[in-house]
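Two complexes come next, and they have one chain in common, subunit A, joined by subunit B in the first and subunit C in the second.
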Partner chain A sequence: MSVPTLMAPAADTAPPTRQARGRISGVTGAFWLFVGPFVVGLVMFVYLPIVWSVVLSFSRAQNTVTPGDWVGLQNYIDLLRPGPFLDSLITFTIFAALIVPLTFVLSLGLALLLNGVRVMRAFFRSVYFLPTACSYVVASLIWKLSIFNGVRFGLANTVLSWFGAENIAWLATTTPPWYWLVIVTVRLWLQIGFYMILFLAGLQRISPELYEAAAVDGARNAWQTFRYITFPQLRATSVAVLLLLLINAYQAFDEFFNLLGNSSFARPPLVYLYYTAQFNQDFGHGTAGAVILALLIMIVTLAQGRIFGFGRAE
Partner chain B sequence: MSVPRTSAETPAVAETESGQRQARVQRQHRRVTPGRVVVTVLRYIALIISAVLFLLPFYLIVRNALSKDTTSRLPAGRSSRSNCTGRTSASCSPIQV
Partner chain C sequence: MLYYRRSILEKAGVQPPTTIDELISASKALNTKDQKGLFIGNDAGVTPSFGGGALLGQILWTVGSDYLTADNKPGFTTPEVKQSFAKMRELFLSKSILLGAPTDWWDPSSFTQGLAAMQWCGLWAMPGIQKAIGDDFGVVAWPAFSTSVGKPSTFLGGWGAMVSAKSANVDAAKAYIKWLWIDNTKDQEDFNLSYGFHIPPRKSLAAQASKLQSGPAADALKIFNDYAVANNPAWTPKMNNAYADAATAIVRKGGDIDASLATAEKAVNAELNRLFG
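Entry: the complex of A and B
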């Protein structure tokens, strides 16, 4: 009785080697069948252009995207001299200094407010998240034409007139630089909801037992609870949010382009590079600037990750 | 003789005190106080104001989409001026931007 039962597995074990081989090649084939087109697309439309840009940045490429006239680091030296590219980096720095902390604080504040209520929580969450679905171009046009249009019928000037204040040309005034208010508010409106959702997810992960323990240990008010429980527990979320905010600030383009165009007083790096490459057809300097910007983002991201310990176990 | 009895009773007493303290804290958490009501009301007021601010641009988008070009940039409830007869709003006001 036992022989057939013992023989049966033995008979099964010999062919499986061939079957497994066939199955592996089948799985490999299926893998490449599904992944292959995406890999080809990725290589053709992402990695090849990156390599092409790097090569082009070492060439004098005026009105052409074919690398040929080799100039070494000249394009980089030109850009890093005091001039419009460095000015655009200063513009970015001011923008990041305003938008990163403001978005962080406001989205955290909204998440805390929302986390503390029970009734209509889903409604408020949807309302705050709704602008994330809106296009930057549409939002910029609304800000430029309806809210901060500079005429006395504009919404912002109408509100100012209630208090007897003069009209302000929001986007044309450089002293004081009112255009920052327009640029920062449009981006705040567009992105607060998204980061609020991230914070809300982080808040809902915090165990209620920690708050009970804090209350038992004598945490008297909401500030103490926030200072010693909530904020430390949100460390991973906070670091991720800061990282995303900074990278997004580096990539600022749409609102600056739609609100200010090619104005020299507030031109972030991407707008400057767009005009250099697209309108002046100077692809050598354009790609050199793009490489510098990519390196800058990489260095800042790595440094931030190292300092704040992004991805490190808590 | 008293040493073993004390060491046996101390954890139980501490546990009871801790449990009582926890229950007291939980009771305090559940209790509706005037301060708690005020905080909740303030919280909702802040949420409603924020919601209005977040919805306002959507209102402007919809209103502008349903308005004529000459009136689309005016605040709600204000009619266009009599000299605004053109198709564009350029004749209505000196745009400063």
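Entry: the complex of A and C
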């Protein structure tokens, strides 16, 4: 198809104008040869489903993915009334309020510590980064079956028993809500290394001269250097990390699904929508919920950009 | 069915429960530091994911109610059902049920390995239990609510085969299913009883199956014949999830019984309206 046009510029005798035209069409051909398959895949498997979802969300689609039985905004109205979908947004809010600051502070702390380490840097970095490579499903099962199971031989309960405490059914106890401990620690363990690397990269971009200048200006202790030099210089990284943490918390699914299943008291939006669409076969409400979530994420991202200047030139 | 360890019940002077109150007091009496009284699933029997929600039906059947009434109205909002939910919450709060076990109610390990003295499980687990603890166990149905209200119950597990009415070979498919489920008794017995216990669908076959003639297996067959409640095909997954959300909120989170069941009733009515107009 595009191979002959690609070879056209090789002909020396061709007049300059034709040669130029040949080159352009050759480049165009090569462009579509390389980009075409990807674009086709992107359109078929990403954009088409998105458009389909939006269309379907205005339809009553019980046991079918064919739009047609139009109900206007009814699906959206149903979801935004007090009910399980709004409850799932509350669950998400609690989850984000716990996981975002915790991961932010701890990964920044780890990055600062590792940045100061002079020996075996590669080893320490790898060790803390390694959990990122673990699957959420695998980690959830380890947390559920071996660390935080409810019987006497679970790791957490074994430790508790040394102090004479009773066994705790971590995932089943709702008062106090111990299941949050399990949910939050598994994600913390999995993602902290990744954000630590982001912070490390940010730390290494800070010019050493700033620290020298600060020392000259009388910044005496580590806290003052951190407060007035390091943290302000990490602004871009911090905003990116916050945004990523928030979006990832929004999209929480694996650990909730594997640890708590379809528990109405702790079901983030994606888990609720999954059960709505897959188990109830109610694709109208399922897609409407997905559209609402996408809009929420967009609004939060834009608002954050406005407030913190994410993506603005420095 | 409810499996119980004979030796442990005898030692504690506890009789196999015949009412929900007896079940709760037995569970409390059998509860020790390392062995819980009763295992009904890590979800307390009310959350249907990963095979959970084992007692969603029994909560209704124990007071003589059902998911849907005979004329397809919600059957889970009667005063008796609300009392039944209050008892389930009481059982949950008694701290005598096993929660957070490595496997769930459908696997007998927790029972055979001494994590619980009684366990709600299925007939399929019986060969494994016999192998692990011999004849140190018995079975009863899920108890009636009280001596005057309701009756014992169990679920009717089973298989179904359907023929697509739009198929070009409806008669051939029907003949195949007749051969598979009705005529082919030899394979049916082998399939049902050689690889874990299941009750053969044909009653005549179940009645003469040698493995179901004595001991707990015979008790199980009797429980099944007397008390099993069949599924209602009109009870859709959407209805079940709405009802289970309410059950989960009530039993595990202490949610308001009336309000939770009213929310479920609304969702179920909408679904019934879709089905029957």
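To be clear about the criterion, the second predicted complex is superposed on the first by the 300 of 314 C-alpha atoms of A that agree within 3 Å, B and C clash if a C-alpha of one lies under 4 Å from a C-alpha of the other, contacts with A are read in each partner's own complex, and residues count from 1 in each chain.
The rule is short, and it goes like this: a residue touches a chain if its C-beta (ideal position, glycine included) is under 8 Å from a C-beta of that chain, and two chains touch if they have at least 3 such contacts.
Since we're looking at a predicted model, the values are computed, not measured.
Chemist: With both structures placed on chain A, which of the two partners, subunit B or subunit C, ends up touching more residues of subunit A?
Modeler: In the superposed model, B touches more residues of subunit A.
Chemist: Quick one: classify A:S263 as touching subunit B (first), subunit C (second), both or neither.
Modeler: Second partner only, subunit C.
Chemist: Name the contact category of A:W170: first (subunit B only), second (subunit C only), both, or neither.
Modeler: After superposition on chain A, A:W170 lies in contact with both partners, subunit B and subunit C.
Chemist: Taking the superposition as given, does A:T93 touch the first partner, subunit B, the second, subunit C, both, or neither?
Modeler: neither
Chemist: If we overlay the two complexes on their shared chain A, which of subunit B and subunit C does A:I147 touch? Say first, second, both or neither.
Modeler: first
Chemist: So in the superposed three-chain picture, is A:Q281 touching just subunit B, just subunit C, both, or none of them (first/second/both/neither)?
Modeler: In the superposition, A:Q281 contacts subunit C only.
Chemist: In the superposed arrangement, which partner chain does A:V117 touch: subunit B (first), subunit C (second), both, or neither?
Modeler: first
Chemist: In the overlaid three-chain picture, which partner chain does A:T66 touch, first (subunit B) or second (subunit C), both, or neither?
Modeler: Neither partner.
Chemist: With the touch criterion stated at the top, can you tell me which subunit A residues are shared between the subunit B interface and the subunit C interface?
Modeler: Residues common to the subunit A contacts of subunit C and of subunit B are 145, 149-152, 154, 169-172, listed in rising order.
Chemist: What part of subunit C is in contact with subunit A in the complex they form?
Modeler: 33-34, 42-44, 47-50, 52, 98-102, 115, 236-238, 241, 244-246, 248-249, 252-254, 263, 274
Chemist: Across the complex, what residues on subunit A touch subunit B?
Modeler: 110, 113-114, 116-117, 124, 127-128, 130-131, 134, 138-139, 142-147, 149-155, 158, 167, 169-172, 189, 193, 212, 215-216
Chemist: Which residues of subunit B touch subunit A in their complex?
Modeler: 18, 21-22, 25-26, 28-29, 40, 43-44, 46-47, 50-51, 54-55, 57-58, 60-61, 64, 72-75, 78, 92-97
Chemist: Enumerate the contact residues on subunit A facing subunit C in the complex.
Modeler: 62, 83-84, 145, 148-152, 154, 166, 169-175, 261-265, 275, 279-282
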